[in-house]
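Labels run A, B, C and D following the written order; every chain starts at residue 1.
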Amino acid sequence: MIFSKYLFFILSFIAIYAALKVLISKKPMHSVLYLTLTFFAIGGHYILLNAQFLAVVHIIVYAGAIMVLFIYTVMLLNLNIQGEFPKSRLAKFASAIAGGILLFTLIAVFRSYDLKVLADPSLNQIGLVKNLGKILFQDYYLPFELSSILFLAAMVGAVMLGKKDIY
Amino acid sequence: MFEYIWLVPLFPLIGFLVIFFNFRRLKGVTAGVLASIMVFIPFVISLFFFFGLMNGAEAKTVELFSWISFNKLSIPFSFLIDRLSGLMLLIVTGVGFLIHVYSIGYMKEDAGFNRFFSYMNLFVFFMLLLVLGSNYLILFIGWEGVGLCSYLLIGFWFKNQEFNNAAKKAFIMNRIGDLGFLLALFMLIHQFGTLNFAEIFSKSSAIPVGTFSITMITLLLFAGAVGKSAQIPLFTWLPDAMAGPTPVSALIHAATMVTAGVYMVARSNLLFVLAPVTLMTISVIGIATALMAGSIALFQNDIKKILAYSTVSQLGLMFVALGSGAFTGAMFHLTTHAFFKALLFLAAGSVIHALHGEQDIRKMGGLKDRIPVTFWLFIIGSLAISGIPPFAGFFSKDMILIGAFHSGYVLWVLSVAAALMTAFYMFRLLFIVFWGKAAVAADPKHPVHESPKSMTIPMSVLAVLSIIGGFIGVPALLGGSDRIQVFLAPLFSSSEAFLKHGAEVSESSEILLMTIPLLLILGVIFLAWSFYVKNRNIEQEEPERSFLGNLLYRKFYVDELYDTIVQKPVAGLSTFFHDTIEVKVIDRFVNQTGNLVVWIGKNIRYMQTGNVGAYLFFMVISIILILVLNLFK
Amino acid sequence: MKAIIALSILAVLNMFFGVRKMKKVLLPLIFIGLIITMILNISDWGKSVHYFNEMFIADNFSIAFSSVLILIGILIFMFANIYYKGVERPLEDIYALILFAIIGGIVMASFGNLILFFVGLETLSISFYVLAGSKKFDIASNEAAMKYFLTGSFATGFLLFGIALVYGVSGSFNLEAINTYILGCNGNVPMIFIAGMLLIFIGMSFKIAAVPFHFWSPDVYTGSPTLITAFMTTAGKVASIAAFYRLITIAFISLHSELTTTLTVIAVLTIIVGNLSAVYQDNLKRMFAYSGVAQSGYLLMALIVLGPKSAGILLFFVLSYVIATITAFAVLMLIREERGTFFIPAFRGLAKNNPVEAFAMAIAMMSLAGIPPLAGFMAKYNLFVLTAEGGYTWLVVVAVIGSMISIYFYFKPILASYFSEGEPQHKIESSVNFKINILVLSILMILLGFLPQVIINLL
Amino acid sequence: MPNLQIIPLDYYIIFCSALFAIGVVGVLVKRNALVIFMSIELMLNSANLLLAAFSAYRNDPAGQIFVFFIMVVAAAEVAIGLALLVMIYRSTHTIDINVLNKLKW
């Protein structure tokens, strides 16, 4: 299983590198593409965790739907030619420091506690569609139904914002 | 019969609602008559109650409905009718009714006639709530309510910006006091777990004298009283409050609302006697207020301002009485003061009415023969307030002075000085206004006229009360039976034990204590007479003269002597108190507090930069702070 | 539960009629629907039903707060025709979003599981984002929506991370199970769990606009369409505080003592900053935004001292706040419609020409300021007593000082309408219906001031 | 019996924290609303992965269900966010968040 450890590091490296590139890139289109790369890497992590269903949904929803929406917006508004809106160096520096402190705080918190590993993810079957589906439609039926209301709200909202009436 | 006590506040409330919601529809004096009736009925009921109490009916708490109840704390909406509230009830409804009637005549031509009466009825309602409440919360609600009405009525003629400012000032100052009151309430809950008078007072008897928490509670309660009853340092709103119509000044700023502080302290006497420090503070603040306001009143020229400062001064005397443990004396003076100060205000209103709004006494004069009824009424009021026997003020002031004497000679001497000032400024006012020549030529278009019957009759009733009102408290020395002392004894007797008295006053020294001030007062009246009638020495706005010129101008050497030895220093002091202490220090302090808040408000809003990036950054910083501070202790 | 189903059907029906351009049917339909919803909602009173594997708990607390939310809906739709006076379109989408937001709010008041909590929260938030921007060609509305969205989804990120941590340690999303886990730790709760809990609380503090997470609220409330502002300040606050209360009392009750310091500091800051910032505002809408921040501070006080009565007091506070705020906003909308401004001078001489409106406004403002004997006073009073009993005297002192300051700005419109000099503005025509509505609300505010026990003892 | 072969859970936590922090820094550092959205998506994704990891190591499916719901919400949020972005663009012709400064003080 050494292989999976290597895979973890490779995927993590790709994800973090791409995530940083999202921030560093000057053109929105590049950011979008790097973000897609990050999403693929995270999808890889899901597979590594034996969560196949999530991996598939993740790729479909994020890479397939959300990123397409982003790309669409970039092209629709022709954002690539707008270029950067640079923040002052001080603001950038302060932000990086703040993020760094946040990271250290979180890691320090985690380090203080020995998380118990109860199961080997490569062996359990919970991530399979069959298992998840059963639970989703038994125990988590109500939030599932409610998420349809959420989608309806989002849909109505998006349509309303797109229309050209005053109200 | 006390079960029907809820009828008493109900009528003014109905009156308020009816007038308020129909104030376009009611024509003529309907609203005034209606409002007066709505105060008269409670008055009649109160009379019944009062006689019931006189005949020994037991005090009773009437619970209307359960209002707030926690597991431990329960505050019913209930009224307490006992001898103290019975007396107050009578004053509020009785004097209130007379002033309502008077206002019908006084306000007749005002466009806001209906609005005025709706506020007046609302005021009476809240005042009754204040007086009748059986716990501090209802008292507080009444307390806030009368404050609100006072605010509405001071700003009644809101077209004038100055009046508006006066209203605002009254409001802010009262708020400062109320803050103390409110904190006292929370401390009371903390200490006793209840706000009911009966429970608190029964529990308080177990507490030793001088505990810190009781001292704090009483000091905070007193802070509330300072705001409401216009004592140092929160007294400056009352003179400014004279911007309102005169009946308002009579009802709210002389007879009832401003005495609420005195009532509250008297009601809580069992708490206050447990805190000697507070009692001393009350005495000191009371006497300081009495002297300061009295000396300011000496040389004011606005008729209503003089009366206002006089009210502040008399309230100071009442607090002196409270501070020295003479609770009966304070309540007695409160009662008689309600009569004669209301009378004086109404009479002043009548003068103003006769002169079509003139308030500067230097422009008056010689009104003696032109408005004789008002003149005689004014004389009665002045004699009563100055403490000339057998008028009401004599007896009540005597009781206060004896109370002060028990606390020490110094307090007594200072109280007598305050009483002397009272006599001087009242007679100065009287002589300037009614004697001498008319300062303004009679305007043929607006002749000076006597007020209508609806105004003079209530005044006459008050005048009668000012004459005979004192007889409820004639001391044993003069062959009376001191009925008020006996009447209120059930309320104050248990606190007597806590007060340490000085030596018992012998009969002969009591006579001395009574006669010395009286003689001095008569002397002061004579002084005023020689100043303002004999020599007619009124500082008109005249050209500046050199000292030499002044000497030549004033031919009488005696005058000069008075001038330099008595008048100049006193006038200087008077100006100093008014211009420096009141205007510069206290007003400025109050204004600065307000300005500070506004200034902070103005600047703190710049935190809201409008930039989302900044908002997000603040959020992250706060999150990190919260995490770090909580996790790495 | 029944309420959610009824509301969903109502929203869909509403959109159906809207698409058919049957404008006249919409508002009556919604009224009837909301009243039916209210009845259905109350019919579960006292039963304490647990739905779907402890997902949704319809206990008295959740029913009471759901009823307040439905009441908000009724009041908002009552005044909707004033705000959207000249609009031709049926506006079914805006109405539907308001209904969706109420559904989200009801879920937030009744969840028994963090998954449902999250879905409810997001239903509410997404509806709010869109509603804030519903005046599409008004740049202020655009800006409000964008600011709300950016800050809101950022806060959601933290909230989610917190939930993930809590789940990682305790192993469940069920509130009771989380509490069982904490009890099982015997006072030795791992730091990572506390970090997660704090992050959840930070997310909630954001939603109720507590300092220092309040920055979005003044801008969003100022920029949004006025009717929506009235809806968001009330519904958002009620739903969020209900959810916050549920989280604290069910899941994290055993760790409550760990939290009180943080909560107290936040409450104090919120009261001070909210009240002080409002002092200088002459724009009434913005003043309301800041004063709403201050009110959140008072709400937080109820979470600091948890007694048997704190739920009832919270309910009473929320109810009095809702009624007063919506009344004030109704008058404000009317004035804005006529005079085109939210600034104080627009109120000049209102008492003379529109006595009913001026009266209602005065009562509402006095209730918000806490002048006895109105509802707002009783609410604050009970809350302060509760806090004082819990031993937080200095917090009460701060709160009392805060409400003293608040009188200054709450009285500005009253002063302008009753006491200001200068030429009074012309009369504003308003329908009898409107007058009756605001009068009824004013009377309710007065009545509630005398009968706080009726509400407080419900819970 | 601990399996030495499997990836320690700590790794996932640290990785997710890093991703989360990068998202936060992205939100703070950027002025382009679109990139800020993307950074927020990063934050959500790190929470997702964390939940999935916890779920897998605890053998408890609830966490993965939650991830599913977060994806639902994220999709809805992005739809709304981009609609708002287009709306803003229509009126200001830019997606720089610093132009959103009309409402202040």
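General observations
Keep in mind that, in the parts below, a contact is a pair of C-beta atoms (placed from the backbone, for glycine too) under 8 Å apart; a residue touches a chain by one contact, two chains touch by 3 or more.
Since the model is a prediction, treat every value here as computed from it, not as a measurement.
Set against one another, A-D and B-C show the most C-beta pairs in contact at A-D. Separation between the centroids of chain A and chain D, computed from CA atoms only, is 5 Å.
The distance from the centre of chain B to the centre of chain C, with each centre set as the mean of the Cα atoms, comes to 43 Å. Centroids of chain A and chain C (each the mean of its C-alpha atoms) stand 32 Å apart.
Our note on geometry: chain B versus chain D, Cα centroid distance of 66 Å, whole angstroms. Among the residues of chain A, those in touch with two or more other chains are 87, 91, 94-95, 98-99, 102, 105-106, 109-110, 115, 139-140, 143, 147, 150, 153-154, 157-158, 161.
Under the contact definition stated at the top, the residues of chain D that touch 2 or more other chains are 13, 20, 23-24, 27-28, 31, 37, 58, 60, 62, 65, 69, 73, 76-77, 80, 83-85, 87, 97-98, 100, 102-104. Counting partner chains per residue, chain B has residues 605, 608, 610, 612-613, 616-617, 620, 623, 627, 631 touching two or more of them. The touch graph of the protein chains shown is complete. Contact residues of chain B toward chain D in the complex are 605-606, 608-613, 616-617, 620. Put simply, chain A touches chain D in their complex at residues 1-2, 4-5, 8, 12, 15-16, 19-20, 22-23, 28, 31-32, 35, 38-39, 42, 45-46, 48-51, 53-54, 57-58, 61-62, 65-66, 69-70, 73-74, 76-77, 79, 82, 84-87, 91-92, 94-96, 98-100, 102-103, 106-107, 110, 115, 117-122, 124, 126-127, 131-132, 135-136, 139-140, 143, 147, 150-151, 153-155, 157-158, 161-162. Interface residues of chain B facing chain C in the complex, by the touch rule stated above, are 23, 66-73, 77, 137, 140-141, 144-145, 148, 152, 155, 158-161, 164, 167, 175, 179, 182-183, 186-187, 189-190, 594, 597-598, 600-602, 604-605, 607-608, 610, 612, 614-616, 618-619, 622-623, 626-627, 629-631. By the touch rule above, chain A contacts chain B in their complex via residues 87, 91, 94-95, 98-99, 101-102, 105, 108-109. By the touch criterion stated above, chain C contacts chain D in their complex at residues 114-115, 118-119, 122, 126, 129-130, 133, 136-137, 139-140, 142-147, 149-150, 153-154, 156-158, 160-161, 163-165, 167-168, 171-173, 218-219, 222-223.
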